[in-house]
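Note that the chains are named A, B and C in the order they appear, and that numbering of residues resets to 1 at the start of each chain.
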Amino acid sequence: MDWNLLISQLMNGLQLGLLLFLLASGLTLIFGIMDFINLSHGSFYMIGAYFCGTVVAYTGSFVLGVLIGLVGVFIVGALVEWFIARKLYREDHLDHVLVTFGLILIFDTLVHLLWGASGIAIPLPDVLNGQITLGNLVVPTYRLLIIVAGLLVAAILYILVAKTRLGMLIRAGASNRTMVEALGININRLFLFVFALGAAMAGLAGMLIAPITEASIGMGNDIIIVAFVVVIIGGIGSVKGAFYAAMILGLIDTLSRSYLDALLGLAMPSEYSETAAPALSAMLIYILMAAVLAFRPQGLFPPAGAK
Amino acid sequence: MLVKLIRTTLIASAIVTAGMAQADSVKIGFVTTLTTPAGVIGEDMKNSVEIALDHIGHKMGGLDVELIMEDDGFKPDIGKQKTDKLVKQDDVDFVAGYIWSHVLLASAKSVLDADKFLISANAGPSQMAGKRCNKNFFSTSWQNDQTPMALGEYLNQEGVKSIYIMSPNYAAGKDMANGVENVFKGEVKGKDLTKWGADAQLDFSAELAKAKASGAEALFVFYPGKAGGAFIKQYQQAGLQDVMPLYSVFTVDSIALPKLQAAGLTGVLGSKNTQEWSPDMDNATNKRFVADYLKKHGKYPAFYGAQAYDSIMLINSAVVATGGNLKDKDALRKALMAADFDSVRGRYTYGNNHMPIQNFYLREVVEDSEGRWTTKIVKTVYENHQDPHAKDCKM
Amino acid sequence: MSWLPANWSTRIYALLLLVLALAPFIFTWIGQPFYLDLLSRALILAIAVISLNLILGFGGMVSLGHAAYIGIGAYSVGIPSYYDYYNGWLHLALALTVSAVFALVTGAISLRTRGVYFIMITMAFSQMVYFTFLSLEEYGADDGLVIYSRSEFPEFISMEGATGLYYWIFALLLASLYFVHRLVHARFGRVIVGSKYNEQRMQALGFNTYRYRLVCYVISAMMCSLAGMLLGNFTSFISPDMIGWARSGELIFMVIIGGVGTLFGPLVGTIAFVVLEEALSAITIYWHLIFGIMLVALVLYGKGGIHGWLSLLDRKEEDRG
């Protein structure tokens, strides 16, 4: 057993999990509080990456890119809530799916029109392009940054949701919407804020991943389904559940990619395990979700008080 | 009377939607990917086709050229539907293009059953070179196996002892990995096939960590399109360029390089790959093509574009040779087979399976005189190389 | 004119069926054989969409995994053909059995859930089918499988020609419409529709709603595999690409565009979707923008889909009368 390899794979899993959490936390809140299925949540992930990349291209500052990008995505999210989502909260889930699929097409094509098909690279400052040595482990600096930033945002979100008045309203909204309305809270403003905050977090995830993978059209559509799996496994409306589920999926995905073919190789000839392993590791998260839904449909960590 | 009126209206509206049919013209359908992130490849091909048409004055053998571009959306069934439209509705004489093996395989039957000519400007699946070769199918690119074989051969020449292989888990990805493996005489320390398709894996951290731990001497990869840029970045961020030199096929091209340069990823400079063409090739056709492309689009064309340019020139050579007589399929076929035109890669010939018999070169990533990153030919790895599937073709 | 159907929407649908019946002649007449291809594709998808509407529209079971059954049907043609078995009855039997078994097993699990959970679990199962076919290298994996010869039914008209295949499709489309019409008006259908709105009530009436819903799900899956079998024959090609969740999503959109829970809605919705896709993509490569705006507008302003708009005509008629 190569322990260094295992540790670096665990860190890779952690990194993936944190990115998934950034996406899924907003998704699960929007889903839980407004009962709104937002397929186009992945578009915010893409838009964040493009905003950030454009600012970096003009200013050369990654930090500035992230800050301006966050504000930009927050505004886009608010606009979507204001003009479209708001009108549909009480409608059928099918309407949500159709409208947000339409939004995906609109956002993808707008990005194609504005930035071209080729995608944009986001250069990192030299300090972030290097590696850091921890003991006898060599880790890319930037990946460490993703992990630190992800944990930081998770902590802030935890404090926001668990310790503030606003968080109390959000939690109450997720488990019992009518109660919040009865308290005389301006529910529209709360919804607007939650939606835009979720968008901004998805945008942040996109900004963090783009220096590794580039910003490209449809990048959010690839990952949004996995984010939905996180939401379902964690329990709709539960930020805590989204966190644990994202970690579990991140680790499962990374570890199965690195060890499954060796594991299957014990049971079958290598030419089969070589192709079966990627297929099975891609399937694992769906098997997990199906199992959770079959035995514990409310998810592993449903919000307190939810039915 | 009424019936006649209805018919005229319907035909008129059909013609309006289909575009007016011209009698004296060569009709060429060109199927490529114009949407999705892969649209950047289609753009390179489209730009090159337009330059080719400019170079021949939009005329072939005295006939006007009518070009119809179609977008396959990176999906085989859409590609097939567009091909059907080109064949049945537009009644084109030639169908060219095709980036992807699966789109080509799905569409080939429609073109060939209608007794029209099919010119692949990129995809080269083994079926089309072997058992399913066809008298009306020609390629201006290569068979999938050849480029990785050339790379394996080069590794042997260099005396590399061990490699680690990474490739996407799909048919062409596996072909590329096998191509290298079959030729390479050293040890393959490990191999990763990563998830591909609509939700392709773009974070290679787990695999790179494995590769590094394997202790292999060199790294071989095949990551076309957007995955290529992503891979190179992570390769450098993981600090592998000092430990494991990178060898690749169809990964580091003129589409990826400008973006890598913009991101300041110097780790890719000096990395080596194999290809049948390079922008710096020293022949008159290529110089003109590359110079015009640079002037018009401010960047180098990629091999996709070079092959697309050649596909138009190949068709042109056949139409000219037959004096514009598109009815005489046998004469056209014979003229295509002769490949009597100045290709951007220099002259090549066709084998029995209508795949080019051509040279493969080792290319290195360098900075040109104006500071742009591009590739430069270092040496010839294979001379007049024929693909291994030609023997399965009964033609 | 008393022989005319009573209301406008029925008249329009009758005219539509008449046009569909004559389509091959019309398109030959105006010299546009490609339009027949387009229509064939639309009608095949319409059968799948009708099958989806049976569970989605009438039964309230929103499946985001129906494309898996299209895949099963298409591979039931592709895999035997790969071994040179072209007997259509074999293909048909394979498609129906495999889809029924798969639907029975996954349906039994999925139907323990409701609403959005049902959407996600059906998606999960279809992704498993997708990745399974993706890993079957022998059958082309993601390169897909070319079907070099169509299913052979020596007893019937041959599928080889475009017109022959079209009438196969048209006949099966009519059969599907008739079948669904009879089904939803039978007691079975009333239980299904009843348990969509109030399951407890149906249970109180003594119906085992779970079992009814499961049977309905299996029937729908088998119908959909029939569409898959036709699609495999029509495109002469099948790849895992045609199974992904996005394709299942498209089927749902076609139901909504046409009108959820109506008999003819799925048919007109699918034709509209396919024709729009073709027409818009001929105009610009940025056609997705227009299409997206249309989808958003449809939800915000166009309740009830095309069937809903046609019904407006009927209401006006009634107002006048």
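By our rule, contacts are C-beta pairs under 8 Å (C-beta built on N, C-alpha and C of every residue); 3 or more make two chains touch, one makes a residue touch a chain.
Note that the structure is a prediction, hence the values are computed from the model and not measured.
Two chain pairs, B-C and A-B, are weighed by contacting C-beta pairs, with A-B ahead. Among the remaining chains, the Cα-based centre furthest from that of chain C is the centre of B.
One simple way to say how far apart two chains are is to compare their mean CA positions; for chain A and chain C this gives 33 Å. In whole angstrom, the spacing between the mean C-alpha positions of chain A and chain B is 35. Shared contact sites, meaning residues of chain A that touch two or more other chains, fall at 112, 225, 275, 278-279, 282.
Multi-chain contact residues of chain C (touching two or more other chains) are listed as 134, 137, 141, 288. Of all residues in chain B, those touching 2 or more other chains are 34-35, 39, 174, 198, listed in ascending order.
Interface of chain C with chain A (complex): residues 62, 109-110, 112-113, 115-117, 119-121, 123-125, 127-128, 131-132, 134-135, 137, 141, 245, 249, 252-253, 256, 260, 286, 288-289, 291-296, 298-300. Listed in rising order, the residues of chain A touching chain C in the complex are 37, 84, 87-88, 91, 93-95, 97-99, 101-106, 108-110, 112-113, 225, 228-229, 232, 236, 275-276, 278-280, 282-283, 286-287, 289-290, 293-294, 297. Taken in their complex, chain C has these residues touching chain B: 26, 29-35, 37, 41, 134, 137, 140-144, 146, 148, 235-237, 239-242, 244, 246, 279, 281-282, 285, 288. Every residue of chain B that touches chain A in the complex is listed here, in rising order: 34-40, 42-43, 169, 174, 191-195, 198-203, 205-207, 209-210, 213, 226, 229-230, 233-234, 236-239, 255, 259-260, 262-265. Interface of chain B with chain C (complex): residues 7, 10-11, 14, 17-18, 34-35, 39, 71, 75-77, 80-81, 84-85, 88-89, 101-102, 105-106, 108-109, 125, 127, 170-172, 174, 196-198.
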